[in-house]
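Alright, structures below, take your time with them.
You will see subunit A twice below: alongside subunit B first, and alongside subunit C after that.
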Partner chain A sequence: MSQASGLYVAGDSFFHRMDGAVKLILLLIWTVVTFLFMDLRVFAVMLAVGVSMLLLARVPFRKMALLFWALTIFTVVNSVFILLITPRFGTTLTESDTPLIPLGYDTVNTETLFYVLTLSFKYLTLLPITLLFIFTTHPSRFAASLHKLGVSYKLAYAVSIAFRYIPDLTKEFRTILNALQMRGLGISRGDGTLLQRARNLTQAVVPLLQSSLQHIESVSDAMDLRGFGTKPQRTWYMGKVMTEGDKLIALLCVILLAVGIWLKRSLFPGFWYPFG
Partner chain B sequence: MQAVITFRQFSFRYKNQSEPTLKNIHLEIARGEKIWIAGPSGSGKSTLAHCINGLIPFSYGGEMSGQLLLDGQDASGMTIFERSRRVGTILQNPDAQFVGQTVGEDVAFQLENEAAPQEAMKAAVSSALELVGMQAYEAQGPHELSGGQKQQVALAGVLSAQADILLFDEPLANLDPASGAKAMRLIDEIHRSQGKTVILIEHRVEDVLLEHIDRIVVMNEGEIAAMGTPDELLAAGVLPRYGLRQPLYLEALGHAGLPLTEFAGLTRPESVKQTEGGSEQPGPPGLSDLQLKERLEAWAASVPSVARGRLGDPLLELRGVSYAYEPGTNAVSDVSLIVRSGETVALLGSNGAGKSTLSGLITGLLKPATGEICLRGEVINGWSVRRRGEEIGYVMQHPHHMLTQHMVRDEVRIGLAARGVPEPEQERRTEEALQICGLYPYRNWPVSALSFGQKKRLSIAAILALQPKLMILDEPTAGQDYRHYTEFMEFIDRLAAEGMAFLFITHDMHLALEYADRAVVMAKGRVIAEDEVARILADGEITSRANLRETSLARFARAQGLASPSRFVEAFIAAEKKVKRA
Partner chain C sequence: MKSSLWKWNTRTVVTIGIGGALYGATSWIGIPIAPDTQLRPAIALLAIFGALFGPIVGFIAGFIGHVINDLITSGTVWWGWALGSGITAAFMGLIYLAKDFNAQEGQMKKNHVAWFVVYGIVGIFVSLAFSGYFDILVMGEPNDKIAIQVISAGLANLAVFLILGLPAVLAYVKRNRNNSNLSVDR
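After this line comes the complex of A and B, so read on.
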């Protein structure tokens, strides 16, 4: 059987060892800083830094491929729509208009093309750090970190328990679909029209819900029986004490934010267009 | 000695039910005792367990009367947390109770909730894992463990929390025979070395009796129906009165006309001995060991073998089928087998032997890497899952994986509609299938109102209506008590008598023994034996290679020095069939 498990990829890089809470701070600040700017130079630098961090973490590409392609396709589709619907949008930012590709009803100008390029880079800048967070943070360490950042431990554990049971439910869902398929109520091409197949898929929902509810009952019994939620605080077997290094990174994150804000106000205030 | 658990005139009624589930329970359990609570499903065993561990009233409310004392203190004043420090519960479903991401975290779960410091947790987890022999798995996730290993982790979890009473709620329900025996041995070791009080709730009689039990408490309809040492209750023949099965070797003694009251050491097939000096009871007084042996031999010879019906033509045939999930490691290697029409075959093997993979290959969910799958001589490797489903019906272990509709009748009809069967024909076949399965009176009921056994039969009806020639049943009797088990299998037996071929996928040897014509044994992806069931299950070499267990009948026959254990097993099956047909 396929080894269904979470997204976490075991490893021992700098990022695997980094405290989950610090990683979360890094992700948040990185995102904020990215959204401050609309400047290709900034994104190029950040992307380069992000990619090198990702390489350092040694997450195998095949694990990340799905998310990578999903974001790439989203970015491309997004760009195409911007170009088709508002082919002269760039002009509102640069106040210049250099016609480039005639569309018939309008013309795409260089400004818009460059705007779309910058925007795509912006999204791409977020990708490495997000992947880094997802793939190097152990779900239970993450729960411990959330708790450390002040989130109630019940909520934090709910996140962790969801990670724990998603593979079980996926397996269950597949079993139900198999049973339906064998009775001729499948969802593959030979099983009827698209509508019929969609209807067959919905048949699986009720049994899945029922068995999830049963599952939840057993899980909550198991947790109650072992004293979950009876004390205002709990400790974490996998929790880590923040090291000096972690604290330093957290400090660097704050500095990054400060530098970002300063750069935004002084050097790179708006959309950067080198050909204007 | 002070009792750790005391029930006095204890009754309990769930808040949405009109009748009490537990009635007037009087029970004292002493410190360090090992108690087995037995009884048919619905007898109140689990409710009793919930009362002990505090899920009642904490999670399931209701009305309670009488007294329940833990360590001499009134339990009603305790929180579930205080109770969990005294009573450690191991639940039936090893998947659901594995709440951590890794073994270590799961074992530490209770300590985490008690806000224990990390250092202390690490130490407690490591020593608890050592007790159950799972230290090497500390960093593994639940998906890398077998059912038995998950249960060992659950046990370590309650051991790390230092509870004095260990409560096992049907610990064997999800385990194959070898893992079940291992679990019982582990429980026994912990009981002895740690001095814990152990309470086991189970209905698999022979498996529980593998290890020493101090006392059996038999529950029936919410009351304690009998209580005593295993020897006392077995000799008195109490178990069969309450939906539990006597060990087969004791049933065999009964068939041979030997009263159990003249024997001692009834809990194990090897230890059965006649009591010294015979007895005052009527019957043959004080047979010598030799006479006993002759008596048993004579009985085995006197029972005529069941004439096997004429064998039909090959229906399903596998020729050299192999399959690998990952290149290099075959889950199924070079498997060949034949199921003839009208035949009932048991596919035996422990968990991980490749049984499910093989059924996936037969139903078409998996495509074989090499080999041919034939139906009536025609190669069907290229057939879709849907097309195979018309000829080969597959009934899953859990009916809730198969039942998707609101109404009973719709559940049967939907498969027919999907196959384009015309309306009036749909109606006719639906009714017929429901009639056969004894569900016709419930045709307009919601599926959710059916009992587990009825749901199981409904899942069969849904397949039956498609008129397959072969039905594959995956663990058809798992988790059912003896009465439901017998009812269900007698129903299957009637279908088989009418010409349906069956392939049971199971690790239940009793099931194979009594209901299959032939057994195919798998181990490590290969077929290692194929023969009449009695002969296979009396062959210690095959059963140990397949990680199955030799039937207790054969072990008994061997201990008595009988010439042919397999003849003894066959005689038993024939005698049982005669009783059931009568």
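After this line comes the complex of A and C, so read on.
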């Protein structure tokens, strides 16, 4: 099952030892709390906490760099297009209008620039906790945690299979693409016009589907032979017992949610704009 | 034999898993068409898994696959769009519920094709409307930008569905029909 590891980086930090179910609760509550706000101060604090947790987990930066840049580029592109498409959007939130950069057809105002900054921070706030989750949670242990949270073990197992078969299917897909390329039906730049390449890609769909359906047959036969699904409950080889520390963290997560909702209702209800 | 919609046997579990993995493993292929919006050929898989295994399997496989793809390619899960993938597959899977439709045994009539197209189109736009609304409400994105993303993604998904998904399902049905129409040679 070495292939099951995916992005997981083995280690022995506080977060590696933390129960997978608790980590999932942390991820979900963190996401919900981020969704609640549109306030740069909140995001700055959360981002700082998130980054320090990530440093505590000691995941090598080299491993995370790709995802970090992917999200950064995403956010920058997103921001630029918001500025180009709706250069005065910020005014609908602050009811003030301070012209800043003339675009010709319209003017970008300070409000929108600050709004874009806040939105980018909102997305960045979600990054450290997600990285923490995917780099310190073993997929097999994750399935066990899902089950512990009350998800039916069949569904938990489906998720586990999905993670398990990503590398296999990716390999299969590349093999099919290589076989097509050998027959002159490549999909990379230089293999023809965009339309031609798209048409070549369609050639890969049926073989990929066929091999996946065969995978389904053999895997479900193998699982049936081992008696999968005959009992209403099952145990997990990778499952762990929750420690006192885990329960404490889970409690802290619930408190975080409560504090988040309280802050939203009393102190930071809407978009925060300091220069208005 | 079409298995019941709610009964989960081993095959259902494996189909969801492999379907999710397949969608997750191929979603990175895309042609950028609008700000942070891509034409993703993998949308065709939603149609295929929906038609072959029904709306429930389609929904869960689409959702899991999208979440996995987000985790390994962008470091953040876009929950609204992940649910959108699931909703698209669920709508496309409605054809599975038609009485004498059975992709595994090659039974698909002309009006099934028409309904499949209708379900697909409705599914694509309902799911994108949902994802867009989710982004406006939860993320606080500007309406106009989301409208551009939703419309371009909708047209792209529609094209993939009609050019890639529909023919793939028809080809699969046709292949199975040949198998079941063998007659004894006297």
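To be clear about the criterion, the second predicted complex is superposed on the first by the 268 of 276 C-alpha atoms of A that agree within 3 Å, B and C clash if a C-alpha of one lies under 4 Å from a C-alpha of the other, contacts with A are read in each partner's own complex, and residues count from 1 in each chain.
The rule we apply is simple: contacts are C-beta pairs under 8 Å (C-beta built on N, C-alpha and C of every residue); 3 or more make two chains touch, one makes a residue touch a chain.
On a predicted model such as this, the values are computed, not experimentally measured, just so you know.
Trainee: Looking at the overlay, what does A:182 touch: subunit B (first), subunit C (second), both, or neither?
Mentor: first
Trainee: Which partner does A:215 reach: the first (subunit B), the second (subunit C), both, or neither?
Mentor: After superposition on chain A, A:215 lies in contact with both partners, subunit B and subunit C.
Trainee: Please work out whether A:42 is in contact with subunit B alone, subunit C alone, both, or neither, and reply first, second, both or neither.
Mentor: Once the two structures are laid over each other on A, A:42 reaches no partner at all.
Trainee: If you stack the two complexes on chain A, which partner ends up touching A:223: first (subunit B), second (subunit C), both, or neither?
Mentor: Both partners, subunit B and subunit C.
Trainee: Quick one: is A:206 in contact with subunit B, with subunit C, with both, or with neither? Answer first, second, both or neither.
Mentor: The answer is both, since A:206 touches subunit B and subunit C.
Trainee: Under the stated touch criterion, which partner chain does A:190 make contact with: subunit B (first), subunit C (second), both, or neither?
Mentor: After superposing on A, A:190 lies in contact with subunit B but is clear of subunit C.
Trainee: Have a look at where A:163 lands relative to subunit B and subunit C in the superposition and call it first, second, both or neither.
Mentor: Both partners.
Trainee: Under the stated touch criterion, which partner chain does A:119 make contact with: subunit B (first), subunit C (second), both, or neither?
Mentor: Only subunit C is touched by A:119; subunit B is not.
Trainee: Considering only the contact definition stated at the top, list the common interface residues of subunit A for subunit B and subunit C.
Mentor: 6, 160-161, 163-164, 168, 206, 215, 219-220, 223-224, 228-229
Trainee: What does subunit B use to touch subunit A in their complex?
Mentor: Residue positions touching the partner: 53-55, 58-59, 79-81, 84-85, 89, 91, 93, 95-102, 104-105, 108-118, 121-122, 125, 141-144, 157-158, 161, 325, 363, 365, 384-390, 393-394, 396, 400-405, 414-415, 418-419, 462-463, 466.
Trainee: Would you tell me which residues of subunit C are touching subunit A in their complex?
Mentor: 8-22, 24-26, 29, 31, 35-36, 41, 44-45, 48, 60-61, 64-65, 68, 71-77, 79, 138-142, 144-145, 148, 163-164, 167-168, 171-172
Trainee: In their shared complex, at which residues does subunit A touch subunit C?
Mentor: Result: residues 6-7, 31, 35, 38, 64, 67-68, 70-71, 74, 77-78, 80-82, 85-86, 89, 119, 122-123, 126-127, 130-131, 134, 152, 154-155, 157-166, 168-170, 173, 194, 198, 201-202, 205-206, 208-209, 212, 215-216, 219-220, 223-224, 228-229, 271 of subunit A touch subunit C.
Trainee: Tell me, which parts of subunit A touch subunit B in their complex?
Mentor: For this pair, the touching residues of subunit A are 1-6, 138-140, 160-161, 163-164, 167-168, 172, 175-176, 178-186, 188, 190-192, 200, 203-204, 206-207, 210-211, 214-215, 218-231, 233-239.
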